[in-house]
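Same chain, two partners: chain A is paired with chain B first, then with chain C.
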Partner chain A sequence: MSQGTAEILMFQVGARVYAAQVDDVRRIAPADWDQAGAIAATALGRPFDAQRGIVVACPGGDQILAVDQVLGVREVAEADLRPLPPLAAQCLASAAVTGLAILDEAPTPLLDLATLIQEELRGRAAATTQGRHRA
Partner chain B sequence: MSERGDRGPGAPGKGVSAVAAPGGGEAWLFGIRLLGGRYAFEAPLVTEVVRLGPLTRLPASPAFLPGVFTHRGEVLAVLDPAQLMGQSAIPIRASTRAAIVWCDPWKVAVVADEVEGLIAVERRQLEAPPAEGGGVSEFVSAVARDEKGTLAVLDLPRLVQAARSRSVPA
Partner chain C sequence: MPDRNATPRRPAGRARAAPPKEGAPRGEVGLIVEALKAHGHGRYDVRVDVGALRDPAMKEIGRGVNAAAEYAQASMREAMARIQVVSQGVDETIEAMVKLVVQGDLTGELRLGVSDAALAPLIAGVGQVMETLKKFVTEIREAALQLSSSSAEVLAAATQNESSTSQQASAIHETTATMEELKGASHQIAENAQMVAGIAEQTLGAGKQGEGSIRAFMDSMEKVKRNAVEVDDAISKLSRRVERIGTVVEVIDEIADRSDLLALNAALEGAKAGEAGRGFSIVAAEMRRLAENVMESTKEIKNLITEIREATHAAKEAADGNKRMAAEGEKLGGAAMGSVGGILSGIQETSDAARVIHLATQQQRTATEQVVQSMSEIEEVTRQAQAGSRQATGAAAELTKLAERLAELVKRFRVD
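Right, the complex of A and B next:
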């Protein structure tokens, strides 16, 4: 019986490590990247130092997610990509957490980066609209 | 790491209401301590007690869901009932224990300050919960007394339902 594998990109925001499907990532911004216009604060929090950027294809064009470090790509067995426990799936305020990658027996949140960025952009747009209404 | 046992006698842990069952005899409860208070679940709902390993915090999770962890190859959500009941968080340390409970159809790890284990209480000693609404009493299905004092029996399905309804949908 053959066991399928998947490639995931590991990255760090703040003190925490996250994973994303490699296919969701267009490229990693170079070390001297321009942070202007990058998405820094998301449901993951804000990076300490925003040393790297992950370029993600989003509806409306590419967006750059600022992260502290890109840790590399890991190949994991598909069996180690798990859905969220049902209670967690129902309680999270973000749809960007699609599951968990089990790495060295520890669950690592697996993210849909496009959804993460879209949620942040929607939140900003809503905040701007509310601000206009208050003004 | 894990500690098997502390399991209620008899029935598998799904859909059994030892507390609500009419008549005499004993109700089997599973006692825990939360922030100094004594609480219990219906024992058949509890499958085992584990020491919590390192938790993975999930982004955008409510405070009452401090994280997830793997146990016997399964990923379980950890529920902090104290925060759900409007109290402060239960500190999670290497020695912190959780009761793994079945709450149809889910398995959830309920974190506790301390685990008392099985407690047998005469059914006739179970009293109705206080009528006051909100806070802890919202989740108490009965009050029991034993030689150690008063024990609030938590309605676990109601706790889980509250967790779902209080969360902001994605």
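Right, the complex of A and C next:
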């Protein structure tokens, strides 16, 4: 990687495009992965047709995040990777959005995929617990 | 009986015999001869002057001549009286008969004052005449009554005949006018029938052309049907080929997707490798671009295949439709052929019928003209008959009047 640049993975969930650090991604899975183990719905929403899966290294093991499309790897200037403004960080419910990547003068959410998956998994676990309590 | 006109022409009194004429016997004989000559001429009043006779024998002859003259003169007077009586009886008889006839009373008998036997035949004859007359009057009265009744019937019949003749003349006139119209109509019908025959001929020709066209149409339908079957087969083959292409494209797409995935992971690894992986990343990016191109191409091919599928489906439906339409066309063509055959037959019959009508109407026209001519003659005859009926009616009326008059006249004679 050259000085002052960074490689980010561009992907799409629904109609929106997101970015993630390539180091957070272990690999790209094909569409015919094990759907049962994939994480389809996250704070990003539910993909339309989940053509790709992004394999993310998580503390409990690799997790697959279902996305509609993986647009590719893009090299950006580090100056274009900007931290999330504090006010925005306070307003967002998810901590997975770590910053913004300015691409073609347009801001694209830069995600921490492991955090995104952990939040989803925690949410599921909490829901399961609440369900048991209700039962 | 002596002639009534032979009554004495000289005044009463006795005349003496004239002296003898020259050459006649002279003397006393002459006197007697002259007296006898006068008696021979009907002059019985001439006497012989007996006093002038000297001869006694002449005197006696003179007295005998004078006695005979006296007797003849007395007989004549008696005969004249009888003649007068008979004449009076005849006059009375005739007067009585005339009176009865004039009065019209034939019921009684002749009652006469005369009783002379000489009038008996006359009275009997007159009675017989009266009886005959009575009989005649009776018969004439009956005949007059019958004549009156018959003449009334004749008048009624003549009047009826006149009315009938007038009606007949009117009917004949109307019939003649109708026949004239019929003649015109026949002419028109003949022309129309000829026109119909001409049109039928033209229609027959057109119908035969139509039959040929339908036959050609049916051949075309057969070809269309064969073509549709061939097209259907071709479409089926095309559809199968397209399905195979689709399968191949799916495989290619799958490979391209795998290649894209592989290139993505390669690019990812290249990026993770940093500067060392830059070349790898470039190759991966190029691979990915190729994979994406392939996927774009397969996408286009899929779209084309979809369009081809839709087109082949539409073409198949069209081919099926063509087959159905061709089958229906064949059916319709067959039906049309049958109909045209019927129409041609009908047109032929129409043409024949029109010709027959034309001929029949011409004959009808000729017959109608003859009927018109005959009706004109009948009309003329009827007109004459009408005039005759009028005359007959007038004559019958006159006859009726005469019969009434006769009956009135005969009524004047009473016979019962």
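Quick notes
The working rule: the second predicted complex is superposed on the first by the 130 of 135 C-alpha atoms of A that agree within 3 Å, B and C clash if a C-alpha of one lies under 4 Å from a C-alpha of the other, contacts with A are read in each partner's own complex, and residues count from 1 in each chain.
Keep in mind that, in the parts below, a residue touches a chain if its C-beta (ideal position, glycine included) is under 8 Å from a C-beta of that chain, and two chains touch if they have at least 3 such contacts.
Since the structure is predicted, the reported quantities are computational estimates derived from the model, not experimental observations.
With both structures placed on the common chain, the touch criterion links A:Ala93 to chain B but leaves chain C unconnected. Contacts of A:Pro107 after superposition: chain B is touched, whereas chain C is not reached. Looking at the shared chain after the overlay, A:Leu9 reaches chain C, while chain B stays out of its contact range. Looking at the shared chain after the overlay, A:Val22 reaches chain C, while chain B stays out of its contact range.
Comparing chain B with chain C, the partner in contact with more residues of chain A is B. Once the two complexes are overlaid on the shared chain, A:Pro30 sits against chain C while remaining clear of chain B.
Across the superposed pair, chain B and chain C touch chain A at no common residue.
On chain B, the positions that touch chain A within their shared complex are 54, 56-62, 65, 68-70, 75-77, 79, 105-108, 160, 163-164, 167-170. On chain A, the positions that touch chain B within their shared complex are 16, 18, 42-45, 82, 84-88, 90-97, 100, 102, 105-109, 111.
Chain C meets chain A in the complex at residues 257-258, 261, 264-265, 267-268, 270-272, 274-275, 281, 285, 288. Against chain C, the residues of chain A that register as touching in their complex are 1-2, 7, 9, 22-23, 25, 27-28, 30-31, 52, 70, 72-73, 75.
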